[in-house]
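Structure in structure tokens, see below.
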């Protein structure tokens, strides 16, 4: 197995970890971490699968990953702001038991 | 020579892994941050070695960026995230 | 391998040793202040030696300059951060280790 | 491929997984974030090993540097907002049954991945063939800004959107910070010009070597973040239209180029080959500015206009 | 021309009283009572015979005036005139309603007399029957009301039976005229038909043993009702028997039944009349006896295969006389208060059983009601509010992971 | 489009457009609203008259618009359709008049009359539908446009009644939809034809056809209030009287009953229905409904509830007549469609008058009300007699043909059912009459009449007219264009073997 | 059709650029955001008309972005299928924009318009994209815009809903991207039409299908991935809820349809039947569960949100119908597209009406609705009409959609689907009329009427009426849909 294979498999493992973290962690910051790890795993698979090719590395997945990283940082930034705002409002940095009983604001 | 570079890389990596123990153990946030700092430096070293090993000049740019940004996280820690000592993070 | 190569290899190995020392220090020293001390060894000397070794190998002044610039930058960051952390630790009253 | 290299790769891969696991599983949030920063570092190394220096650069600038700072700053705010009692964040939530299932799913996924490894298909040949007409010589930049420039246009817009979204939520009022102290001030004054220079270098290098707008923008943004951390703030008269202009000019410029090209009767974002290099550089320059401004402002979290008078 | 006039006349003697019966009309006419009856009297005097065919009414109705019917018409006129006189003496509060009901019953009576086919007969018998029910209730005491209840029960039952009989006849022979009934009734259907008709009209006529309402009514009803009782419902019911049953066809069994019942009624009535010393009671028994006698005779005719033709002309006259006779006796007799009743109607056991039946029935219905389809959508109440709202826990994530696994593994398998 | 097809649209539009405009009219503009209502009602009646004349003279009106691939939106004015259309439009006029009087001064009249018009549009559409899809469309539209009328009062009881109404009728609609689709997937057409369109399928899909039949019947049976699908009807009595009148006499239950007619005759065809063995169970169901409704009616003290259960019972006469599957019985059933409408609307008008004028809602309060409101109670009496089936009121004619038809078809037991039902009808109507006419009013009597009239003209005339019409329909059953004559015309047109 | 009237312009590019440029301009100069927003939204309708005529001429328009063409560059593709979704977007978008203009206060509105234009641009871009990775980017753009809009009001419920939504949408996109990665390396292309040619059945294709399906199902909120939808859709501001329910969930569904129609279903040897069945079961479960939950909700907006969960289930019922036939069954797809249109219009109208109720009473608790039928007749009409369409009752667009779907199910003998659809329709009627019933009754604690701007009432009603009109026009519109699902045995329908 080539080195790229290691990374692709590590990517799969990261995806699994990210999924699991997303599922079982309550704290929103950690959920965001999990999403980031999940994303990194996907990126690893995306590039890792390209593997060592005779014609040199395939630049298209590289470009896609760069795009993906920017998306991830944008989403993370937004997620952090949301989390902070939510914590300010509800006092808890989690989504637990906050069923929207009260009406939304008109 | 390339083998030396690669061995060095591996050694630095192992070194880095050992440093992780400090991140995990703490006990204070400062300790963890210090370990992260060490990581940054080690990573710069690894990148430079790899650049030389593979003849990829661009990796020096990566190292440059690392070196430039190494301070950012630490400063953010010191200025923002370092909890007050009464917080549980700093309890041994 | 030529002479400069051996020199470079030696420098690199020395750098690696300093890194090891820094790491060991980080792991073994008892408090944050002493660990800071260990860390700066890795930063300053370890990386410095490696940069030196690599500069010898690079064969281009431009590259060597760049390497040294990187080292300087790391030095700057390391020094500042170490200072900041030490100051912060004092401010927060983290006790010094006493035998 | 030597054994040593395999060792490096295996170690890196394992280290990534282990770090990710610890970052998610360790009971202390701060520790998790530090581990995540370390994870970003290793990711950058992994990219290097995968012969993707462009990605490594982006990861180094964004993934490791800025995301870490963002997370730390957010954690700091969180600690301020949430009372200590409710902050107890991590329950030991690792449960076995779903973990097992996920491992099985991962195994399935891994098998699928392995099935692809022997003969992956790619576009490197086409990229290489058309590189000459793209206006740049770095294939990744060619893909990013020419072949798939449309994606990048949308991408820049995503960043702008994230900023607008963050602004639409009025965050908590910023607090007064302690004075930076002479060392930090000195660090900043020394580092800022270097950062700007490095950004310019990366931007310029992007045309032919790894680098480009995102990386440059991230480095420049890091400069902004550092300045913010040191207590620097925009002058009030700059927080209005000038700041918005800085933020919008990247996507806006990109859009204007697109419109201009459309109006000349070309398809969307088809650069005239002669002008391709110049246009790409123009777009990248504007984008770098905007990305930097956006990242810095995102780090700050709230509208700069809401700053209290110093 | 005269035919037209006669037709209009026939119509008028039915419709005109009904029109006058509307209180609003009645109030505004001088001498409404005489005016209402005038067309009938006029027609009776001026015309021998008249027919009117109205194919578009109900199932093709017809009216007919012949010599026999003139007897009965005359009787009716006399009776209703007398009843009108009696009604005029009533409590003024009750007068308008009584007059209205009297006119309705008159119209029904005359209609029954003139009807030339069974459906029309049935229609008018309804008018008479329900009108007479009203008369019994109106102004009578509690006894009269009880009698009225019995009467109306009998009436409904009888009308139903007649409806069935009519259906049977129509189904069997597609003929809806009296004249057509004679021929093809045979065997079991004939027995069924005659049984239905017999039972129906016996119910209406109040012949023993179904006489309870008659005696009660005769004792306690308001004077006009008592006066009309024999000449109205009873005689008309007997007329119905005469009209509906094919006399002379040798309906042996029906004839036997009629004869037996008639004789029994006669004997019973006479015995009762002798047993009761009070003179006030006697007219009641006389009416019963008369009815029984008539039935006896009718049974004779019914059973005879031949030779009844001679009697045909006599029957209406006989009926008319039978209607008038009790009226003469009752003319000045006051009604007995209900309190002094001593003989309960023979159907009182029904009254005892009825509540129990009612309970049973109700229970049955309750049971049925529970079988209804499920209740409509549950209403939103405060309690249902408290428990709802979304509860989002972590389990969906787990499910999602499971599903992901399932998909991936399923595809790989 | 055939030349006369615009008239079909015009008939629909004559109530639809005023309805839509009325929604927009301000509450206080009574005159405008009334004018529009009456304009619509009268013009509809005129148009219907024209069509009646045309159809009687052999013209055909058909409108066909493409709706789905292979399925058209079809309106067709045959004799059968016109029977229902005429009933609806005639009674709409009267009910509108009545409603104007009834709701005088009450709130939300624009809304009320708007939905009222929609409701009539839908029921006319149900009548004119030329295939099962069009029927389904209007059938559901009818449900939806009636709902706001049921909950019009806005009380909690009204809301629940509305929920119940919808729960029943929409379930029915769903079943009808299922049956329709299934049938379509088998037959490939949904077009009503005089002898049904599913003959060809009987060999291959016998079981399916039987199932579909029951699906369809269950669908329309809800509105026709067949036991056990009748539960909504008594509850819907919370609605204002004109609505009850409309529900019970014209629109809703009749749409259901009419649906049964369409399904048995023009989807399956009588012979096929008999052959499949579904006619007899349907007849039995109808018979059970007749008796059950009457029995329940006996124990209601609330006047409108009693009338409602009476409706449950009476409407099934139609189903019974159809299910007996002979021409004569069909005449009985179809003519009862009209007759029951006339009589029942009279009863509800009268009940409304009692409630509105002297505030009587219960039968136990009705003592002596006949003196206070002789015309109203007179009309009531006449209609009640008709319901019992006393000659010569219209109900008698229906029962006559039903009984005759049953005997003709060899279903003698039906005669007993009819007799039993008549007895029960008498048992629950006569006590009302007795109370009203012959009992003395309790307490201080009733509120005195204002201005010498027992109630407003608009409240009085509609029941009197409908009562007269029910008498006329029975008494003059054989004059041209009488319901009976028209039904016989239908039978001549659509049943081979009847003349 | 009429080249004279409409010049030959790159309509698809304009459709994407216009709103995005508007968004950037609005962000740059907030005082003009409102004018820009309204004009841009309306202009989108014009551009759509142009695109429509062009598509009518050419069936499928391809636009090579950057002039590179398929394997290397990105292609835009406009055909009838995308046109269906674009039309829904333009119509609903215009309605919501007009509504939002009255809904938001001036200070809020400045923030709203750029976000909305981002969403609009992302939707247009998504519907026009023929590139898997580009679809990912548009998905993210759309998702973040939607999250931002959800959190827009800033209340606790809204923030919580938005957060949940953010996590779900990120997860969905990433899982989708993983599938894209597999497909890319399996075939070396990201372009739809090239993929169709190159993709072969195998573990990679299957896994990619599973991953992309799961990710998109999560974003579409297919049961049991629906957990994020009700909190998000019910707590967002009304116009946003309308956009989310009517359009945003449809976007990921669109991708799924595309993938299914063009990539996976044609693959022989790929056991798509099993996947189709699974999706169908989940659809059925969604219908029943969503409807049942909707019935239990105490608040209008929550109820409507759960209704969306249920209605999404209907869309997924088509998947087993397609695969059971072996060949593409246009009848089922036609039904689904019809339902998409009808649901978009009706659901938007419902949410807008719910917003009116909220504005009117300050709350949307169902039992406490106070005589709304009298005081907000237009809103009530809008809600009821839209609800009727949702419940699939005639004569609305929803009915036609349900009819078509039922027909397709019946022709394939899928009684389970038929039963679920009918039951779902009944439940839908149940929850719609649960609300409608309370419109008529007074609340225990009555309150004075608060003014609701006429524009808000009328937009809701207009959308509802459009949903109604959709039920009257299938004869004209179905040919378009047939164009969208390609030629097939449409004539086989008896």
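Order of writing sets the chain letters: A, B, C, D, E, F and G. Residues in each chain are counted from 1.
As a convention for this text, a residue touches a chain if its C-beta (ideal position, glycine included) is under 8 Å from a C-beta of that chain, and two chains touch if they have at least 3 such contacts.
Bear in mind that the values here come from a model prediction, so they are computed numbers and not experimental data.
> What are the chains that chain B and chain D both touch?
Both-contact set = C.
> Could you compare the number of C-beta pairs in contact for A-D with that for E-F and name the larger?
Of A-D and E-F, it is A-D that has more C-beta pairs in contact.
> So which chain is farthest from chain B, going by the mean of the CA atoms in each chain?
Centre of mass proxy via C-alpha means gives E as farthest from chain B.
> Tell me which chain's centre, taken as the mean of its C-alpha atoms, is farthest from chain F.
Relative to chain F, the chain whose C-alpha centre sits farthest away is C.
> Can you compute the centre-to-centre distance for chain A and chain C, using the mean CA position of each chain? Integer Å is fine.
33
> If you average the Cα atoms of chain B and of chain F to get two centres, how far apart are those centres in Å?
86
> Based only on mean CA positions, could you tell me how far chain C sits from chain G in angstrom?
Centre separation, chain C to chain G: 57 Å.
> Would you pick out the residues of chain A that each touch at least 2 other chains?
If we look for residues of chain A contacting two or more partner chains, we find 15, 19-20, 22-24, 26, 32, 45, 49-50, 60-61, 64, 67, 71, 74-75, 78, 82-83, 85, 95, 99-100.
> Residues of chain C touching 2+ other chains?
Counting only residues that touch two or more other chains, chain C contributes 73, 76-77, 80, 84.
> Can you list every residue of chain F that touches 2 or more other chains, as numbers and ranges?
Only 163, 167 qualify.
> For chain D, which residues count as touching chain A in their complex?
For this pair, the touching residues of chain D are 1, 5-6, 9-10, 12-14, 16-17, 20-21, 23-25, 29, 32-33, 36, 39, 43, 46-47, 49-52, 54-55, 58-59, 62-63, 66-67, 70-71, 74-75, 77-78, 81-83, 86-87, 89-91, 93-95, 98-99, 102-103, 105-106, 109-110, 113-114, 116-117, 120, 122-125, 127-128, 139-140, 142-144, 147-148, 151-152, 155, 158-159, 161-163, 165-166, 169, 171-172, 212, 214, 291, 295, 298-299, 301.
> Report the residues of chain C in contact with chain D in the complex, numbered from low to high.
Chain C reaches chain D through residues 73, 76-77, 80, 83-84, 87.
> Mind listing the chain C positions that touch chain B in their complex?
1, 5, 9, 12-13, 15-16, 19-20, 22-24, 26-27, 32, 35-36, 39, 42-43, 46-47, 50-51, 54, 57-58, 63, 66-67, 69-71, 73-74, 76-78, 80-82, 84-85, 88-89, 92-94
> Going by the contact rule set out above, which residues of chain A touch chain G in the complex?
15, 19, 22, 28, 31-32, 35, 38-39, 42, 45-46, 49-50, 60-61, 64, 67-68, 71, 74-75, 78-79, 82-83, 85-86, 89-90, 95, 98-100, 102-106
> What residues on chain F touch chain E, complex-wise?
On the chain F side, the touching residues are 160, 163-164, 167-168, 228-229, 231, 292, 295-296, 299, 371, 374, 385, 388-392, 396-397, 399-400, 403-404, 407-408, 415, 419, 422-423, 426, 430, 434, 437-438, 474-479.
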